[in-house]
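Residue numbering begins at 1 within each chain, and the chains themselves are lettered A, B and C in the order written.
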Amino acid sequence: MTAASRAPARRPRPAHLRSLRRWLGAALLAALTVLVVLPILWMVTTSFQAGEKMFQLTTEWIPTVWHPENYPNALSRAAFPTYFFNSGVVSVAVMAGNVVFCTLAGYGLAKFRFPGDRFMLLLILSTLMLPLEVTLVPTFLVVYNLGWVNTYQGIFGPLLVDAFGVFLMRQAILSVPSDYIEAARIDGASELRILWQVVAPQCRPALAVLAVLSFRDSWDQFLWPLTVVSQDEYRTFPLGLVKFGEYYGNPATEQMAIAVLATIPVFLLFAVLQRWVNRGFGLSGLK
Amino acid sequence: MTHTKMTTAAGASRREVVRGIGAAGLGLAAGAATARRARAQARGPVSLSFWTFENPQQRPWIHKRIRLFTERNPNVRVDFQYFPFGDLGQKLSVGFATGTAPDGFVSQDWFMPTWLSRNLLAPLDVRKLGYASGEAFAADFPPAFVEGATHNGQVYGYPLWFYGFCNYLNTRHFAEVGLDAERDWPKSWEELGEVARRLTVKEGDRFVRQGFKFAMHAAQWTMIQFNPIFHQCGGRWFDAQGRCTINSEAGVRAMTIRASIARQYGAEDPADTIATNPLPQMDWLRERCSMFFCHPIPPAAITSQNPRMEQERYYRPVQYPGVERGKGYSTTYGFNLVVNARAPREKQEVLHELYRFMMSDPADAWADAAPFPLARKSGWVDNPSVQRFPHVAEIIRARDEGVPLPRTTVYNELADQVHRGVQRILLNRADIKATLDGIAAAVDRATEAARRG
Amino acid sequence: MSTAHSARLPDAAAPDRGERAAGARLRRGGLRFGRRLQLVGAAFVLPALLFFLAFKFGPMLWAMELSLSAYDMVSAPRFVGLENYAKLAEDPVFRASLINTFVYIAGSTALITLAGLALALAINTAVPGARHCMTAMFLTNLMPIIAVTLVWRFLLHPFGLVNQLLQPFGVGRVDWLTDENLAMPAIIAVTAWRFAPYFMVVFLAGLLAIPKDYYEAAEIDGAGVVRRFVHVTLPLLMPTLFFVVVVSALLASRIFLMPYIMTGGGPGDATRVLSMLIYETGFSYLKMGEAAAISVVLFAIMLVFTVLQMQIFMRSERAHLR
């Protein structure tokens, strides 16, 4: 770096200019944020619109007439309460499965040395290249052979453990000081107790991330339930929503109402766990 | 593809009235007698599974008939499941693969070859369905329906509903542009284009109203709407060797007609059509287009979307245009009641009884599922409630004069290929002949693969 | 779960002395205690491992076997050798889908990475309200994909919101989802909209982990914003960047729902990707063997990214053990 280029940069800017720049930046970022979330706002506002508004050229951001009845109407079109319930059962099961099994495996891989441990870790990581989209046909045959077609466990079974979850928990548990574990072990605590009372509390941020992401991904599942469910009582909401537009009197505005309802649970879970999630993402330094 | 919704109260009194008429139908009196006998029979409990497609009218009617049957036969339990129209075929395939296929189901007629070529269906005994003989059975339907349900001289499907498409006109739009729908409805494809052009209203590059539009959203609709144009041009889907001949001169001519409404007459907006609604007839119901080819539309569905249109009756269905003026016809397609070949003997027996019972009251089927016409001729057409139904003559004529969809084991591949070809031609201005060549080659590959099994 | 976060990577890179010490103690702790702990450790991993055997490796081996058979799900599978692969090689729809898949992976990976990084840098300016902006943008990542696709299908309609917003700039009617040249870019854009905010958070974690004094030193050296970014931020962010690229590529290679709902693979075959083709070939055309062969091809593509992913992991592990 030359001396010439160094000189001007050293001159401090006047304070008011700095503050102006800051607020200008804030305004720009806010504008950008609005632009990014605009589709979400559109979804919400459209869900309160009259059906025929969908065919107009202009977007009416605040409905002149609100139609909250879109929500009860939409819910009554098909068995949406059942579909949401099914999605809830499946997603909670997937979340629980991931939290339990990924933590167990993560603990085993992070704090124990045994022959083949490294190989096991690589083996688990390698399943990242085997998503359900790839193994759809044989996975279906496995689930069928288990007698799980048209059951809840058939839907959530193949989603119960995710390699990323194992990896996430292993990395989190690595940073738990082994001295704590040793101390508990010397005190005679059982291994499960150590995991539950010593390790897990230290990993709350990672667990929160795992919970939110696994819930979201299960809530999102479409292809798998489409393949494995053939009875209405086990359909999940995405299956219902895709077919929603196919019948008379199902206006797009009501479709948006279902979309809004489908979004709420994930947002809520995120809101509840947000404090931990932010730390889990390594954002504790963020002002 | 989807059907239509009409809220119908299945009034018991009306059912009783029409039952008398229905019983006059061929062989039905005998059917009723055996039904009574079946009820009296002492039998162990039988558990059946039955699948059908979802439709706001037809599915509830089937469900109702099954419920009534199980009430009369307390030893029979039926697990009733239904699927979106487009998913039923795939669900059945998976079901057959895994042994979870239902004992009985409603099969779309274009899937019959798929099941029959793999011996998945049990032959039906038409006498147990209430017909005196095979001839009596065959005589109760237009020949094309029975043909599609027959394999090596054996009947495998009991045709339930079959219908053709009509051209639904908005007669008020006709009047607006100085046309009289009764006289000026398009009888040839050129007339369709000319009339559609007059009916079109544009604002810059935006269509306020499309004069006419083809459906663009699903392969099945593409097939149903294109199939008769191809036939009218003298085309056949396959030659004697089983090669796909959509790229023949007739095919090019038919596809040129198909594309002309947009390309030549500028009277439709395919990009808008594909992007809006999974229910293509919605634009017609909302008067965003003036003419649309559709299966029978229930008046209640029109009321639910556009009450004025139904009140003032400013619509009417007419027959398809023709390559030869006035000789147009549409596709006729439908649904068969079938029995799984793997269902145990006893269940097959009970399914025969169930199907006979379901069909023992065809006027009730009309009452609940009008205006979807039944496949059979007997037992309902003369009923005053049918005769009084608006435009019923056009609906039945479309059913009787239509051509069936190609009956082939590679139907899905064919339909998908045609659909994508139409997209390329209409949305991306692809060359018609080259596109049809591509379709034919792909279908031939599929046929070859199917042959090798 | 589709994505992990790299925020832990810096942690992993930081040597955990406590654990190494524990390892040393274990080795000293005598055989019996060690053997017991070995068994306990393996027992913890066992449930997950069994799960992966049953639902990942088992099905994959099965798929490989199926890919060598003709199987219509009804009659028994029949061995046909490499015939299915030969059929794919001459099938234009497969070729188109393969190219589309690569375009989709490349396009969405690039856009996700760039947008994610740009958003993270914007948030990292720490202007007032930045944190709330981050939270708001992250919501797009939590919106169910099915809702995302349905909403965007309307927004991208010839007369939808996107064209409405572009109108003042003199842009006429654009048929985003029905023009064969625009449909794929449109779907890539929607994919980026859904996933970029997630990687924004990942990048942000990477940015926050860069010590402030590095910047201060650069500033004292007179480096401008661009130079600071190129010489300080980028090199230190490299591991995160690499991670984001690989993970978003893995994510993109399995995408199904976005094209399935928004275009159905069309117009023509313009947006058909391999995952759609697997479903179609298997469950619509009942060619399970051919579908399995496509699965193996898709698997091979993902293998590349998975090996890359493992290399990142191994590198961080080596740093960890150093």
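Assorted remarks:
What we mean here is this: a residue touches a chain if its C-beta (ideal position, glycine included) is under 8 Å from a C-beta of that chain, and two chains touch if they have at least 3 such contacts.
Computed from a predicted structure; not experimentally measured.
Judged by the touch criterion defined above, the protein chains are all mutually in contact, each touching every other.
Among the other chains, the CA centroid farthest from that of subunit C is the one of B. Separating the centre of subunit B from that of subunit C, both taken as means of CA atoms, is a distance of 43 Å.
Inter-chain centre distance (subunit A to subunit B, centres taken as mean C-alpha positions): 42 Å.
Mean C-alpha position of subunit A lies 14 Å from that of subunit C. Residue positions of subunit C with contacts to 2 or more other chains are 159, 283.
For subunit B, the set of residues that touch two or more other chains comprises 94, 98, 206, 276. Multi-chain contact residues of subunit A, defined as those touching 2 or more other chains: 57, 141, 227, 252. Residues 89-90, 93-94, 96-98, 114, 118, 120, 205-206, 269-272, 274-276, 410, 412-413, 416, 420-421, 423-424, 427-428, 430, 438, 442, 445-446, 449, 452-453 of subunit B touch subunit C in their complex. Partner subunit B is touched in their complex by these residues of subunit C: 70, 72-75, 78, 87, 90-93, 153, 156-159, 172-173, 175, 177-180, 265-269, 280, 283-287, 290. Of all residues in subunit C, only 1-5, 7-12, 14, 16, 18-19, 21-23, 25-26, 37-45, 47-49, 51-52, 54-60, 62-63, 66, 119, 122-123, 125-131, 133-140, 142-148, 150-152, 154-155, 159, 161, 164, 193, 197, 201-202, 204-205, 208-209, 219-224, 250, 254, 256-257, 260-261, 275, 278-279, 282-283, 288, 291-292, 295, 298-299, 302-303, 305-306, 309-310, 313, 320 touch subunit A in the complex they form.
Considering their complex, residues 2, 4-5, 54, 56, 81-85, 87, 91, 94-95, 98, 100, 206, 276-279, 286, 288, 301, 304-305 of subunit B touch subunit A. Touching subunit B in their complex are the following residues of subunit A: 52, 55, 57, 140-141, 144, 149-150, 226-227, 230-232, 243, 245-249, 252.
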